[in-house]
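Remarks on the structure that follows.
The chains carry the letters A, B, C and D, assigned in the order they are written, with residues numbered from 1 in each.
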Amino acid sequence: MRVGIIGVSGYTGFELIRILLNHPKFEISYLGASSEGKIDEIFSSLKGVFDFKVSVANASDASKFCDLVFLALPHKEAMGYAKILLSNGVKVVDLSADYRLNLANYEKNYGEHLDTLNLKNAVYGLTELNRQAIKNAKILANPGCYPTASILAVLPFLPYIDTDFGVIIDAKSGVSGAGKKPSTTTHFVSVNENLNAYNPITHRHADEIAQHLSTAASKSVNVLFVPHLVPLTRGMLISAYARLRARINPLEVLNEFYKDEKFIRIRTEPVSVKNVAGTHFCDIFAMVKDDKIFINSAIDNLLKGASSQAVANANLMCGFDESLGLSVVSQFC
Amino acid sequence: MRVGIIGVSGYTGFELIRILLNHPKFEISYLGASSEGKIDEIFSSLKGVFDFKVSVANASDASKFCDLVFLALPHKEAMGYAKILLSNGVKVVDLSADYRLNLANYEKNYGEHLDTLNLKNAVYGLTELNRQAIKNAKILANPGCYPTASILAVLPFLPYIDTDFGVIIDAKSGVSGAGKKPSTTTHFVSVNENLNAYNPITHRHADEIAQHLSTAASKSVNVLFVPHLVPLTRGMLISAYARLRARINPLEVLNEFYKDEKFIRIRTEPVSVKNVAGTHFCDIFAMVKDDKIFINSAIDNLLKGASSQAVANANLMCGFDESLGLSVVSQFC
Amino acid sequence: MRVGIIGVSGYTGFELIRILLNHPKFEISYLGASSEGKIDEIFSSLKGVFDFKVSVANASDASKFCDLVFLALPHKEAMGYAKILLSNGVKVVDLSADYRLNLANYEKNYGEHLDTLNLKNAVYGLTELNRQAIKNAKILANPGCYPTASILAVLPFLPYIDTDFGVIIDAKSGVSGAGKKPSTTTHFVSVNENLNAYNPITHRHADEIAQHLSTAASKSVNVLFVPHLVPLTRGMLISAYARLRARINPLEVLNEFYKDEKFIRIRTEPVSVKNVAGTHFCDIFAMVKDDKIFINSAIDNLLKGASSQAVANANLMCGFDESLGLSVVSQFC
Amino acid sequence: MRVGIIGVSGYTGFELIRILLNHPKFEISYLGASSEGKIDEIFSSLKGVFDFKVSVANASDASKFCDLVFLALPHKEAMGYAKILLSNGVKVVDLSADYRLNLANYEKNYGEHLDTLNLKNAVYGLTELNRQAIKNAKILANPGCYPTASILAVLPFLPYIDTDFGVIIDAKSGVSGAGKKPSTTTHFVSVNENLNAYNPITHRHADEIAQHLSTAASKSVNVLFVPHLVPLTRGMLISAYARLRARINPLEVLNEFYKDEKFIRIRTEPVSVKNVAGTHFCDIFAMVKDDKIFINSAIDNLLKGASSQAVANANLMCGFDESLGLSVVSQFC
């Protein structure tokens, strides 16, 4: 199966290449970026490993060479490409926010949407939540990193929590989540030996989390979302808090809910970023005190939170085993 | 004024020395540790700066040389020294947990208490909360780092929050908080590129926070406390969440409550560890969404959360200006 | 082919497992450590990935289950196991220092040798240097991390440098090189925001480098070796300096010398740890000024400097393609 | 004494403020930058500490308010300000490269010089080398960070080394040395878990080191200089190598040479960045093997390598004790 990546020069583009080079069924047949070049010039670590031309991104060209295209572009840019690819019968896995939200939420957070037709048919690619729909998707909206870790943590407890009170999500992310573009906030000297919340409450992922939790719960779920920047390269940790309406054994709930999931691991103690970094796993732990629950999840923000989830979804969309190409051994013990 | 430090070989011991060397009124007259030596052999950075004998810690000896002694010892060890020092008329600032809790809470968290008489007279040294009592204290219980940052954040909002629901405190600390003793959890390779909660809900500082918030509120305040370990050397960040019973402007509440405090800074955006590292400041920010409040504070865990708070309290106990010797400029911009 | 690992609980043990789980020919059939357990209890990141019993290490037991055994033990311990395994006809790849040096150098650096018979037959497993001999080795001495990166850097220039003056090797290593055992020098607070040389000139790897460079040059090569500890988890950088006896184009020399090597990459600018971390590559760069040469190499200390080199050697010893199971894509771009 | 800072918004500007706020004789009377503002908006950690207007930098204005001005500007920019300040009788401490080199070296490395008249009278402010001249300087060229640490290390050994062979300087710096401007090379994700040499041999500080060592030796001293970027915020480590012409005891040489220097500490084992970070110290160690010497020094690149050296020099230029305002206690043990 021939696949392409448009917007290959960022972190998620690199991770997609890393996965696809070890994938038994997908073959990279097109790479597009804002300017022409060679992939091992953009990523010097690929020298001697992968020698492939990068074209100036063009959806029509990509349509000729690919059966499926991963869009690793900024939001607002992705939908322009998606529209053309879809009209040419090419499947699309979009890693941007362009197809993740309903129109109202999209416009509130990102402004005008330019491809509302495809938006309606887009499938939200949280694999564990929407596996069946994903298999038939033509346009897949790959979830944000925070929503992936947050929704997977909260989902099993929706029947037991006070959805009016909702969930408080205290999220911590490594710096790669902020993207490759240099800025004051990603300068080593700004991040190292520092720690802070950013965009508390108003971060755009709050509505993505709330929308999909509400859909899953069939009622409105309140979300208070506070992300934090932590001095590490990759990894994400969620500590979520909610009010219980019933007495439960949280580990039993988790184990039952995810009993058939290969990439969700239920832990008996707090989860660690280190155990999931470099893998497609989401580790989850939970603990109750009186009427409150603490739910704790960890993912690799660039893999389960982006590129490996994208490949897992592409696997399903193409009729392959979901796990093809995905790494399960952490990058360090 | 002659002061001593017992238990000088740890991180808070070093920070006490750092402060006292620049203090206009306190003169170090005694240093005690578990074994004899010289202070610039224990801390090689002090070579050429401070050449002082370290004695095998002995409370009677210390009593001869000191008007006030800082105890930078593990809990359970401190009270043995305190008892003797106090009986010799020496003032004590104890950085351990030994005098921070009422007897019931102490025994629940730390086991038997061996100096219950002095426990009754001990003053909890959260300076902004107990300034008047501190001035007359003979035995001062210097607060834990997490309680310092947590209580200072929540205190101004006690009249406005639902104390039955209480507060959820998601805390993040640098590694120096775990002390100087090498362990698997403080190994560089374990901490670097990692992130995790530890002792969630059951951490001993939960009861310290709850007890003193409840005293301040004159009613029981529920506390759900989840600390996290973050890969940085020093600094602590608190993100606290509560349910409001009234509509408030959180920054107005903070500004009014702390209007006379020199070492509390109210911020108009999320606080950063970097702004307080190396200083005696506690920075606080808060923000409301519907009926929930997010309160955010940052301190240097070894200074405001330990050694500089100890010196501020000692200043008060000796009739000096509270701010003598305290640093206000962060160690890096 | 059935392989075992004795001493599996350290960092190189984990890396061996990581490689072997993806190896098409080797199957893990025995794991030994100092105490019994399960591998996913020792390395919690392996939960759900690899569920295998760890036995109390015993060479006779291992001999029954394995055709080849990797010894990931401290020096002095490894030779006891090797002796028995070899006598049982099991091939041994020893990651310790026990078979790397001639007897004189061994005794100078590590004390008495207890298996001098096998020492004579051991092959030094710097793959690019001794490929033919490795194919027939029964007992393979896997090189140290510093010697791997240093020798590969200097080897091509031996004909052109003043061997009397010799080479000055300024080496920098990540903290994983110091092993998993917690100590003052590996405490996060000691390493983070710090940098220092250690064991300058007298480090035991100096003689390993000198012996094998001298053998390769057929004359004595002087080595001044100064290792440094750097605050990163994995990776090693060598900056070597020597005096030239002839005018050369250093990149031409490198390209010619390594033209058939798949895992040596010649760079046209200074090498970066990031490009090799997570891979089996050694990247090399060199530059001349007047009669001096600066040679610069980078490896992953735990892979090319330990576990992946061990597997590459095992591949050769078993008649397989050298590259089976080895990773070539760096862990981050 | 009224002092100003032009170019206050960078890292060295902040460090100057940090020092000057604790200085008993200097009072900040002018701050200039590229745009108008308040200093606690540029450095949010100064909120509540230092409330001072920042003007659009103008040398004539600064001349009215200041007796001495620190220029913390990029090279090429500084000399325009210096010229005017000097003509107005204001003393200048220039932290840029503009007055550090002779004309030939300047033009080779930085292009045309626009103030050659003052260049002739500028004093190179390596305090320990030029103390007497500094006392009478009107225009002081504050040394670069690499030259400070390198020259202080090598200077005592000039009589004993083969200056034809010269010195090989393997230097490692924290990221703050690269300045505050965000770039690909200072992005957290690029630096963290990475390590590399940059501008080997051709870095502009090579000529600064060679020129001043040659002047001190009264003959040409060859310098091979290779700087490396290390993932830490502040600190610099030099490992220098040279060929001895005589048998010496290196620690005796160091102790004798620096016996009257308060801010040079001779160590008996390899130096550590941690011991000098936050201080005005330069720590030095040296060790001999056969005819080669390894010399090892550490400084805080922003203090002894920039701002505290600038203030020490300003102290001398104004007739004050050299040590006024300088910190001697490291920021962490």
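What we mean here is this: a residue touches a chain if its C-beta (ideal position, glycine included) is under 8 Å from a C-beta of that chain, and two chains touch if they have at least 3 such contacts.
Keep in mind the model is a prediction, meaning the values are calculated, not measured.
*Asks:* Quick one: which chains contact subunit C and subunit D both?
*Replies:* Touches both subunit C and subunit D: A, B.
*Asks:* Specify the chain most distant from subunit A by Cα centroid.
*Replies:* Relative to subunit A, the chain whose C-alpha centre sits farthest away is D.
*Asks:* How many angstrom lie between the centres of subunit A and subunit D, each centre taken as the mean Cα position?
*Replies:* Result: the chain centres lie 46 Å from each other.
*Asks:* I'd like the Å distance between the centres of subunit B and subunit D, where a centre is the mean of that chain's Cα atoms.
*Replies:* The separation of the two C-alpha centroids amounts to 37 Å.
*Asks:* Mind checking the centre-to-centre distance between subunit A and subunit B? Centres are C-alpha means, answer in whole Å.
*Replies:* 39
*Asks:* Of all residues in subunit B, which are in touch with two or more distinct other chains?
*Replies:* Within subunit B, residues 11, 176, 189-190, 192-193, 231-234, 272, 274, 332 contact more than one other chain.
*Asks:* Where on subunit B is subunit A touching in the complex?
*Replies:* Counting only subunit B, the residues touching subunit A are 165, 168, 170, 172, 174, 189-190, 192-198, 200-201, 222, 224, 226, 228, 230-235, 237, 239, 241, 243, 270-274, 277, 287, 289-290, 292, 294, 296, 298, 332.
*Asks:* Which bits of subunit C are touching subunit A when the two form their complex?
*Replies:* Spelled out, the residues of subunit C in touch with subunit A are 11, 14, 17-18, 21-22, 43-50, 176, 193, 233-234, 262, 265, 267, 272, 274-276, 278-279, 281, 328-333.
*Asks:* Which residues, counting only subunit B, touch subunit C once they are in their complex?
*Replies:* 11, 175-176, 180, 182-184, 186-193, 231-233
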